[in-house]
Every structure is written in C-alpha cells, then in structure tokens.
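Each chain gets a letter, A, B, C and D, in the order it is written, and its residues are counted from 1.
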Amino acid sequence: MEKILEFKGITKNFPGVKALDGINLDLYKGEVHVILGENGAGKSTLMKVLSGAYAPDAGEIIFKGQTLEKNSPIISEMAGIRMIYQELNLIPELSIQDNIFLGHELRKGSFSDRKEMYCRTKALLTSLNIWANPRELVKDLSIANQQMIEIARALSSDAKVLVFDEPTSSLTSVEIKDLFEMIRKLKERGVGMFYISHRLEEVFEIGDRVTIMRDGMHVRTDDVAKIKMHEIIEGIAGRKIENLFPHVRKKRGKKLLEIINLNGERFKNVNIDAYAGEVTGLSGLVGAGRSEVARACFGVDDYVSGEVLIDGNRVPKKHAAKAVDMGLCLLPENRKEEGLALSMSVKDNTIIAALRKLFPKGFINDDLSRRVVNTYVNKLSIATPSVDKLVNYLSGGTQQKVVVAKWLITKSKVFIFDEPTRGIDVGAKTDIYELMDMLLEQGAAIVMISSDLLEVLGMSDRIYVMCRGEIVGEFDASEANQTTILQYAFGQHKNEKVCES
Amino acid sequence: MKKSRHFKLSSLPNSIYIFVIVFVVFGIGIDKFWSPANLSTLLLQASVLLTVAMGMAVVIMTGGIDLSIGGIISLSAVVAGTILKLGGHWILAILGALVIGTAVGFLNGIIVQKMKVDSLIATFGMAYIAQSMANVISAKRTVNWEVLPQNAMIKTLSGDIYSKQLGQYGQAADVISISYIALICVVVMIVMNIAFKKTRLGPYVYAIGANQETARLAGIKTNTWRIGVFMLSGFLGSIAGTMLLIRAQSVQPTLGTGMEFYAVVAAVLGGNALEGGKGSVVGAILGAFVLYSIRSALMLEGISTFWVMVTIGGVLIAGMVINSLVYFYERKTLLKAKLRATESIEKGDVR
Amino acid sequence: MVKKSIILAKLKTSVYDLSTVFILLAVIAFFAVANKIFTGYNYVSSSNLATIINQASFLAVLGVAQMLVILVGGINLSIGSVMAFSAILCGPLLVESSNLMPALGPLGMVLIGAVIGLLNGALVTTLKIPSFIATFGTMYIFRGAAWIIAGNTVYFRISPAIRFLAQGQILSIGDFTIGMSVVVCIAVIVLLTLLLRKTTFGHNVYFTGSNPIAAKFSGISVNRMIITMFVLSGALSGFSGVLYTGKVNASDASMYMESHFDAVSVALISGASLMGGYGNIWGCAIGALIITAIKNGMNTLQVPSEYQTLVLGALIILSVFFNDKLIGKKMGVTSGTASDSKDANIVAT
Amino acid sequence: MKRIVTLILATALVLMTFAGCVTQAPPAANDSAATESSISANQAEGDAENVASAPKYKMIFIVKSMAASFFLDVIEGAQAAAEDLNIELNCVGPETPFSVEEQTQIIEQAIINGVDGVLVIPADSDAIATAIEKCNEANIPVITPNTKANGGDVVTWVGADNVEVGYTLGKIMCESIGGEGNVVLLEGTPGNSTAEERTEGYKQALAEYPNVVLLDSQPANFEREAGMNLMENFLQKYPEIDACGSGNKDMTMGAIEAAKNAGRLDQIKFITFDTDDDVIAGIQSGEVYATGNQDPFSQGYLAVISMYAHLEGCRLPSMMHLPMKVIDSSNIDEFVASMQS
C-alpha cells in the first residue's frame, strides 16, 4: 500500500501552549487511521493544520509525494483533502444537490445543469444509502442526515483524503452502520481517512491503525489488531501529574446547589449536588451535555422538567437575573461570545454584573467602582495597563480572569466554571486554581466543568462523569483515577452493552 | 420538475398567507375586485413596485439592503427624459437610464463590499446623492419633450398591446387589457425567477446571505457577487424609472420618492428576513401584490387616503407577526425533532 | 512607564471619540474661507454661529431620540409620526387659549410618545420583528392616524410657556444670542449622558448593545433594556414634537415629514455604530451642528439646495467610513491580535 | 407574558386595519365618512319627501396632497356642492404628497369603478395627461380645478394657475415696498411643479421691477421649520430685507417666527399664499402684509357644480377663471365676515 499523506515534525505553538510538538504521522491509501486522545491532546489542531486553517510553526505536510506549499483551506480542498467537522457547513435554505455542488456547479451555458446534478446527487446518495430527494431543502433534514450530506459533499469532489472529526457524535446506530458501510466503500476506492472519535468501540469496528496523542505529542501508533482497549485507555490517560494544583480539601459546608432530575433538550435526569467549600467536578467528553446543564440551571436556556435549588430555594426557569441575585453565576465556555463585551473596557466588563449589588440606588460612583475593580485586578493580577483598556486587547488568560473577577465582585455563593482554563497558559492556570481555592475559603461552592482530566482530578473533591446526556458516575476524588473516569466518559463501563448496539 | 417539499409550511413565502387573506376578503367584500379590468390594472400599477421589489429581495437575501432605489428611479428616469428632450432616440434614452442605474448600483456595491460601510448607511447616503443628481440634471423642473418620430415609441409603450371588452360587470370594469409596461414587468419577473432558480444566482445568494465565510470557502467570489447583486438592484431600479417615465410621458425629478421603503416592505412581507440567507423572489412579488391589492381595493371602496396608510402600516406589522408566529412554530417543531433524534441516539433505535 | 502608556491610551481613545469634532471644525473652516472668497460674508461672525447653534439644538434632540435606539442596535423611523400624532392629540392643550395649565400638553405628548415607543419595543423584542420594519409600520400608522384625527385643523398661537421653551432667548453677549432651545438641548444631552454613563442602567444598556449574549450571561434582562430604550426614544420624540410646535408656533398633522431622514443622518454622522453599544449622546450635538453648519454655509454661499443634499449624502457615507476605521483601530480589530487569541481558544478543543 | 401582550396588541392592529378596509371608513375617518353620512342624511329626508333618493351621479375628486390644508379646504367646498346636488363624491389624494403617479393610479381605479366624472388637481401638468387620455377613452369627463393639464381633453379648468398666483403675489410684493428694495423668496419643495411654477411667477413679476433686488431664493420644502431656519439664515446674511415672498403659508409662518426673534418683523413685509386661520390672524395682527386667496372652497364647489352641469348636458366655457383674491388689512374684515356666513 502506498503512502498518500505524511506529517513531518509538525509543531504548532499558541501563546503559552505547545499545541503540537513535532508530530510525525502517515496515512496510506484506503486505510482508516483512527486518532485518539483527550480533549486538548492536539488532534483537532493537527487536522486544522492539515486543512490549512493553521500554518504550522515547523514541519511539513507531504501529500502525494510533494509538500503542500503555503496551505490554505481552499488549496487543500482543491488538492482533495476534505474535512467533515462536527459543526456543519451547509446552507440551510438550499437543496441537497445545490449544497453538494455549491461552488462547482455543473453548467449548461450559463444555466446550471440541474438534471445532471440531480442524477449525480441521486447516485451519490444512493451509494451512501441516504434515501433523500436531492431537491429537498437541507433545513428540512434531520441533523443526522445533514451530517451525511456533509460527508456526501466532501465525496462529490472525489477526495483523496478525508478527515472525520467526531462524525458519529449525533448519528443513530443505524446511521452509524450506514456511515461505516460507506467508509468501507471508500477504502475500496483507495481514499485515505483520518478518523477522530471518542467512541472507542468504533476504533475496533472500522479502524485499521490507531494513533494516540497526548499533550500535543505522539504517544504510539499500532495496528488495531495488535492493541487492546485497556492499552488504549491507559495510553490516553497516562499523563504525569504536574503539581500545579494548590487545592487542599476543606471541610464540607452546607449544600448550596442542588440540581434535581433536570431534563432538557440535550440531557436527562441530571442530579448534581454542590457543597460549600468543595469543588464539584463535572467531567465527560465534549458534547456530553455538561455545558447544556450549566446553561439551563443558570437560566439562559430553557429546560423541560426538574428543579434547581440554591440554599434550598428554587431558582426560576429562564431568569438569569434572578439566578445572579440568588448568588449563582456561570463562567461560560467561550468567553468572547458569551462572557465579554469586547468593545468595552476592563472596568465595564468586570463591574457589569455587580452593578446592582454595588450601587443599589442606581447611581454609579466611578471612584468606588474603579477602586473595587482595581482591588480585584490586583488580587487576580490581571495583566492590563489600565482598567480602561478594552478587553479585546487582552490575552485569553487575562480575559478569563476578567470574567472571573466579574463574578467575584458579585459575591456569588455558587460558581459554575465551564472550561475555566481553556486556552490559558500554564502560569495563568495556577492563578485561576488558587483563585478557586480562595473562593472556597470564603465558603463558596464551585462546580467545575472540564475536559482536562488532570484538572478535574487535581481540583475537585467529588467528580460527576457525564456521557451522552446522562450522569453515568459519581466518585470521590480520592477513589477516582484517570482510567476509571475515562472509562465512564467513553461509556466503556457498560462496555459490552455499547458494543452490541 | 417535482417540488416535493413545496407545500411545507416553512418553505412557503410568508406573504402567501396575507396574500390569500387579502384576496379572499376583498374578493368577497368588494364587488369588481375580481373584475378583469381591476386585475389587469392591478398588474399595471404594481409593475413598478414589482420590478424594484425583486431587486430588493435579492439584495436582502444576501444580508444587505438598498435604500437608494428611490433615488435611482428618479435619477435614471431624469436621465432618460433629458436624452429624449435633447431629441435623442428612445432606445438611446432607455439605455442611458439602464446604464446610470446600474452604475449607481455598482457604486453601492463598492462602498459596501470594498469600503466595508454597512449597506443601510451606504445606500441611505447614496439615496441623497442620486436624488440630488436628479434634481441637478433636471434643474428641478418636470422634464418633457415634444413627440418626434425617434421617440414616438415611448408614447406607444404607454398603451395596451391587447385589450378586449368582456361582459358581466358592465362597461369599464370588463375591459381586460395587457399594457406594454405590464408585459415588460412580467418578462422581468420570468427572467428573474429563471435566473434565481436555474442559474447560480439563487444558490450563491443564499450561501452568501447565510454565511459569507462558508460561501468563500466553497470557492464563491463573494465580493463580485455582492457587488453584482447591488448592480442588479440598480438595474431593476432603472427599469422601474423607465416604466414611470413611460406611464407619465414626462419625468418629475421626485418620481421615485418613497419607493425604496415600499420595496423593502414588499420584500420583507415576502418573507425575506433582513438578516439574509432566506426568502424568495416569488415572495417579494406576492408582497408587492399584497400592497397594491390593498391600495386598489381601498380605493375601489373609496376609503380615505389616511386609512389606506394606516392599513398598509398595519398589514406590514400583521405580516411580520405572522412571520414570527411561523418562526416560533418552526422552532418548536425543530426542537421536537432534535429531542427525538437525541432519544433515538440514547436507545440506538431502528427507525 | 505604565503611567505613560495609560495617558497615551486615554489620549488615543479621546482622539477617536473626537473625530466628529474635527469634521465639524473642518466644515466650519471651509465655509468661512469659501464665504470670504466668494461672497465676502463673515461666516464665523458670532451672530451667524449663534444662529447655527440655535438651529442645531432642535435637530440634536431629534438625533438623540434616534441614537438611544441605535445604542441597542436598533433604528427608529417613527419619530416624525410620533411628533405629529402626539402634537395633534394634545393640540387643544398647547394653544394659549386653553385655560388648562401649559405643562399638561407637553406632558401628554411625552406620554403618548412613550406609549408608542413601548409598542415599538414590544414588536421588536417579543415578536422579533426587525426594528427597521416595525418602526416603519408604526410610522405609517401614526402619521395616517394623525391626519385622520386632525383633518386640516391647525393649532396655532401656542401658549407662551411652550414657545419660550423652544425659541425664547435667554442670554445674549453682543449679537451672540443663545436661545432656550439650546439650554433644553444641553439639558437633554446632559441628563441622558448622566443616565447612560453614570447609572447602572446606562452601563447595562451599553453592555447589551455591545454584546447581547454576554449581557444575558451577566444577568441583564436584554429585552427590558431594548424596550426601555424604545420607550425613551418615543418619549423624546414626543418632546421634540413639543419643541417643534413651540418653535414654529403651530402644530398640524403634516408636521415634519422628513424627520426620520434627518434623525438618522444626525445619529449616523455623530459617530455611533449601527451594530450598537458604541456612540456618545453628545455626538448628536456635533452631528446636528455639522449638518446645520453645512446647510447654513451653502445658503450663505447661495449654492442651490440640491447640492446640499448631495453633500449630505456623501458626508454620511464618508464620516461613517472613517468612524468605522477609527473604531476598528480603537478595538485593535485591524491588527492580528484578535485572530491569535481566537486560535488560543481553539487549542483545547 | 410580554409576548402575549404584544400578540394582543398586534392582533388588535390587524383587526383595526381590516376594519379599515372591509367596512366603510370608520366614524373617526374624516372626509369620506362625512360624505357617506351626509348622503345618507339626504336620502333620509329625500325618502320623506320622496324626491330623487339615490345619488344621481358618482364622482371622484383627487387633490395633490392630503397633507396640505389648502386642498382640504377645496375638498370641503366640493363636498358642500355634492351635498347640495345629492352627488356621491369621493375625495382622495396620493399617500405620497404630490405624487402624480399615485394620482394616475387613483384615476385608473376610478375608471374601473365606473364614475360619471373625474375631478383632478394635477400634481404635475404634463404627467397627468396620460391619465386624462385614459378617461377620454372611457369617455368619462374630466375637470381640472386649480391646476391646468397640458394634454388630454378636459371639460374645463376652474381656478387660477400657479404661475399667475406667483405673478400676482410678486406684483403685490414689489408694490408693497414701493417698487424698490430688497426681497427674498421662500421656494417650495425642489422639483415639485407647484413650487417651481409659483417661484417662476414671482420671478416674472420681479423682472418688471428693475429697482427690486432679489437677494436670495432658496427652497424650504413647504415646511414651517425649514422656512424658519432659512429665514434665520437670510436675516443673518442680509441686514436689509424689505419683503419676503413665499410659495405657501407654512414657510411664511415659520419665517415670521424667525423675524420676530430677530426683532425685524416690522421691517419686513410678508407676502404669502393660502388663507388658514393662522394666516388670517396674522393679517389682522399685521404680521402678514397680504395673502393670496384662491378661494379653495369655491374652487371645489364650482368644480363639482360645473361637472354636474356638464353631465346634465350644459355647455361650459373651456376655462373658468376664478381670479385670486388678494387679502390684506384693508379687506380682511369683510373676508372674515364672508367666511362666517
């Protein structure tokens, strides 16, 4: 089998983070190369380098014998490297066939040759066992079918290399079967495929080779036949604990947050308790429904049934303002969109949530707010020349600190941190951990959603693990370790059950 | 070709509801509303708005807006009129109008796409500019010309191609007639719909409106297309200007006043969301018809002008209310679907 | 070192904020010179400047009414109709012959304006109708309604109190006379600036305009903010109606048909961003001054009016173009920083 | 909760609007409602004395703009006539003031509607021609009050045309300052033919007075505030202004306010047009020197009557000249008296 693609010493640095560290990887014609790793292991970054979204700091990509010069999304696509991302890039108002041929329509003169496109689309869909009418509008399709169309679209311009990023995350088992069916067809066609997934059972079902990455480094590559499930999990888990976790267990205070049988769009029967002086870790894979739970109980999203209690009193549905007054606060996952007003100053961003508490009369005393903000800027050592600096200028870590400061000022009782250290360099991380501890000292309860296992293990006192919208396990930090948590997160604790489905 | 999903609530142009309501209510409530003469007049009068509304719809679908249409109408008409006044040939005059209209559209496109000025502002300013140009060229006076052989055609165009007396409503109400202007409008409608349905225009407009970045990654020259769309709108605007010129056999410099708003209203009534990415040319056409049928109906009934205004405003809002109701409904169903999907994932069921 | 950078930053931002002022100065300078050359008329004479200021004051209030909505990312076309509608409903109370207390009429107008504002806000927030469309609808409805109610009645001989409010002259140094309208305008601007800059409410408004989602996540009830701004804008439109009536000493249904154009123009030139969350109330004063200065200058130069609108149109486009550039610079969007931090975000996924 | 409220609000709006169209104009409506009621009244007494019960003729009266009091006065006159003659008269105007296109549309509708006569005050003398020709084809008689039409066969024209109006006022203006001095003009909306014609008239008159200097002439869009601002600028620039001519009263009333503030009211003679209460009051108090009175009421009245006469088969002169009455302090009282009667 001939090599179609090869990564040579790919390295990519982000401010404070070494995302990829000299990765060497190759892909043969007609093979499925599964890439595994924790969130943040660098899988997606590597693929983004391949697609040309990122330029590597070092190393080169060799495609069909020659290196990809100044790669860009368009170039890589022309070359025949197609990505299938989780978030779909389809135009909802367009028909399936228009989406599939968007940008390279077949034309008769200046008219687009709908008949031909129809036939080809039809053929394509049939070959993938999708029984949809090519003239259907994409917006009328189920999410699963939209995903299939996305794949079909990639195939339409006969791709040489396909990258599946979590393709099955929103597919039903039947559809997954169809997908695998198709993947096998593609193998016969000699298409090389990278396959990123969190469903380990899939590795054995579809994969030829498997590569495990960790902290942006290549751990091992083996034939699937030669590797065992537990080896994989250990491979993924085997991170050395750096001691950047200042966390010391305090005595448990009273129950501050109680989530009872919360049911919603993306999660069901969620029960979570959080106690004062404790960090309650909420672990699981991306898309397991952790953030959704957080958003729902904070009141920015709606939920179907269930209750959220703070200190025993009920938090009204979809009423964030009330939740804030009751002392609940959420530090959202993506701060740029949800946490900050980028066009406003550090001061305005930090003070915003506390305004009502600080100035009950409604009139702002600028000196006071300045003083307050300054104290927290110093406390959190937020790196900004002045509090009038626009947050847009600040680095990711500093921005996160601003968001934290925002809630510290409100003197909230319950803090929900969603991925508190995402995209933050190590130094800043410790700051934020210390900060959490400080909060605990003040008798706050913290719920920490994190995909970083070490963080969860290092910081939490109790750990809930979510998998596909459900809480699948609850541990005391003492009895938890990376492997067990991963097993639950991957849904491997009921291994056989998952496999037969 | 088979439109499998055409009768799905969400995929209908929203104006269809109001359109039906209006036509039924008026049809019943007002005698002569369905009379051939009324309908053919309706088409004739709506022609101008129909023409610009289609252009506006396309612009809106790309996520922009074109408030300069009114100015473009005035300007192009004035230019054509002036050419006729100078004894120019009628073809020359019309060409002149089309060229100037398209040029202004091009300018809009450049300002929006290259200078990155929000289209609302850009065209808002351009409206002032075009209107002033019209005033300058016409010296603020009505432009008229003596009928010469080389411009006699303009006169002819104002007439009917075909007109036949039927019987039932009695006299004037039964004359069914197709005027040249209506014909032009119909042709434009057909061309636009073909262009939108059968060429790349449609898909690209949706793609750009939905997400410029995705469109660019799909290899669409977004800049070119958006500028092109503004030019199209300008072009249609100048056609409308010419129509008004033909109708009045003269040009007042303030000809196009207020037209831009009517066009936006028609387009939006037609379900073209201002944020772009959804809507249809057909919808805009229906929207324009709604507006005009309301006006003509109320005029037939002899309702005072002011009530016509109130009604139009009300219908616009009513239309939007219906739109958003549909939107709520859609979201509900979508949510249900999602829930079902997630459930089926949980218990990897067999459909 | 740090101190210096702070000062620099402060200076920078203030310079960006003052961009409109520079435009104004440029305009005045231009017309001063042009008039000297062509007509020999002293454009910058204290009296002429006074005229400009007095005329601008009304336009400024109008602009503020628009700006309030723009701050939360909306637009309000119904201002003129609200003026007419309220002025007609309260017409009988405004005339000097009415023996009721003069404050009643204005209060009524402001109230009516507020109610219509509420309607607009509700349409925009709860029914998700784009403000452009919603307010266009109400513009038509209430203009029509005004005519229906009024017919051809003109309310004139407006009660002196209101007249004084709009055109009374309070102090004059030499031939530099400042009218009450200017005081009123300044009062409005100061009050609203205080409201928007010095109160929690104001901060929430700016935050909402700047990033609604983040606002939601900070426990701000976004819809309430938007509705409130529409109500304020409506109330202020009603108040502009009062000023207009007092100024021209009469009120009728066809009052100020072009207002929505003027108001939008002022707000746009004032350097606000249609995206919301960016703009200063006092900017409206500058915007109004710019427009008035141009009109006045072109009148004095005897330039035909059609060229006035020509210039106005160009000015709108250009000033917004440059303002956006400046805002862009101010937020460092142009530099690579934004994209880098984005990448940093993506790393972990 | 709020959503529900809004929904109610919105539906209320819808209902109102549809009430607006399917029923006849609601009681709140002004003219047409008035017509309806008056007619029905007539019918009532008609049946009582069993004279001609149903209205004999159906006519439509189209004005330039519903937004100008002058035309509303014309309509009053027309309706009075309709009432006296038991005619079903429908008075409308374009939504966009001075839009001749909309006037044309209304006429087209009227033809379908089968009216017996069309009375239209052309918003533009040239552009209305096509519409009139349409009426001729459908042999519906057309009368153009106030403004002439250049084209189409018109039964007759009633009134004084705008150039003439401007000319007369211009003469008065010049006379008022004894044939020499400085004057300024306030023009109407640029591009609006009424505005341009009146200005032209003024200028024709001025041409006859070599010693009268036209300092400046700028548009103020028939608008009070615009008129006021423009006058302020003029007062600023010109220390010597003896008279100010204007295309309509709104601009003048604005200008007067400006003059008041500048304390130069007594130095300037304001010549204007239209006779609304505020103008009359202005003349009585001496603020306004003179105003042109086209006598809108009679224009409307006479127009309708002549249409009636024409339909009854009488021959009419091709022009019925209603000379514009000039009203100033000398004859204001009798004018007011005549108004009351």
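In the analysis below, a contact is a pair of C-beta atoms (placed from the backbone, for glycine too) under 8 Å apart; a residue touches a chain by one contact, two chains touch by 3 or more.
Please read all numbers here as calculations on a predicted model, not as lab measurements.
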Between the pairs B-D and A-B, the one where more C-beta pairs touch: B-D
Gap in Å, rounded to a whole number, between the CA centres of chain C and chain B: 31
Between chain A and chain D, centroid-to-centroid distance (C-alpha), Å: 70
Whole-Å gap separating chain A and chain B, where each centre is the average of the chain's CA atoms: 44
Per-residue overlap in chain D, given as positions that touch at least 2 other chains: 7, 10, 13, 29-31, 66, 190
Residues within chain C bordering two or more other chains: 123, 127, 141, 147-148, 305-306
All chain pairs that touch each other: A-B, A-C, B-C, B-D, C-D
Chain C-facing residues of chain D, complex: 2-3, 5-7, 9-10, 13, 28-31, 66-69, 72-73, 76, 97, 190, 216, 218-219, 221, 223-225, 228-230, 232-234, 236-237, 253-254, 257, 261, 276-278, 281
Footprint of chain D on chain C - complex, ascending: 41, 47-48, 51, 54-55, 58, 119, 122-123, 125-127, 141, 147-149, 151-152, 154, 156-157, 167, 169, 179, 223, 244, 247-250, 252-258, 292, 295-296, 299-300, 302, 305-306
Partner chain C, residues of chain A touching it in the complex: 14-17, 19, 39-40, 44-45, 48, 54, 286, 298, 300, 320-321, 323-325, 330, 332, 334, 336-344, 348, 351-353, 355-356, 359, 362-364, 366, 385-386, 388-390, 392-393, 395-396, 399, 406, 419, 422-423, 451-452
Sites on chain A touched by chain B in the complex: 73-74, 77, 89, 91-94, 98, 102-105, 107, 110-112, 114, 133, 135-137, 139-140, 142-144, 170-174, 176, 265-266, 268, 468-470, 501
Residue ranges of chain C in contact with chain A within the complex: 2, 5-6, 9-10, 13, 197-204, 206-207, 210-211, 213-221, 277-278, 327, 330-333, 337-338, 340-349
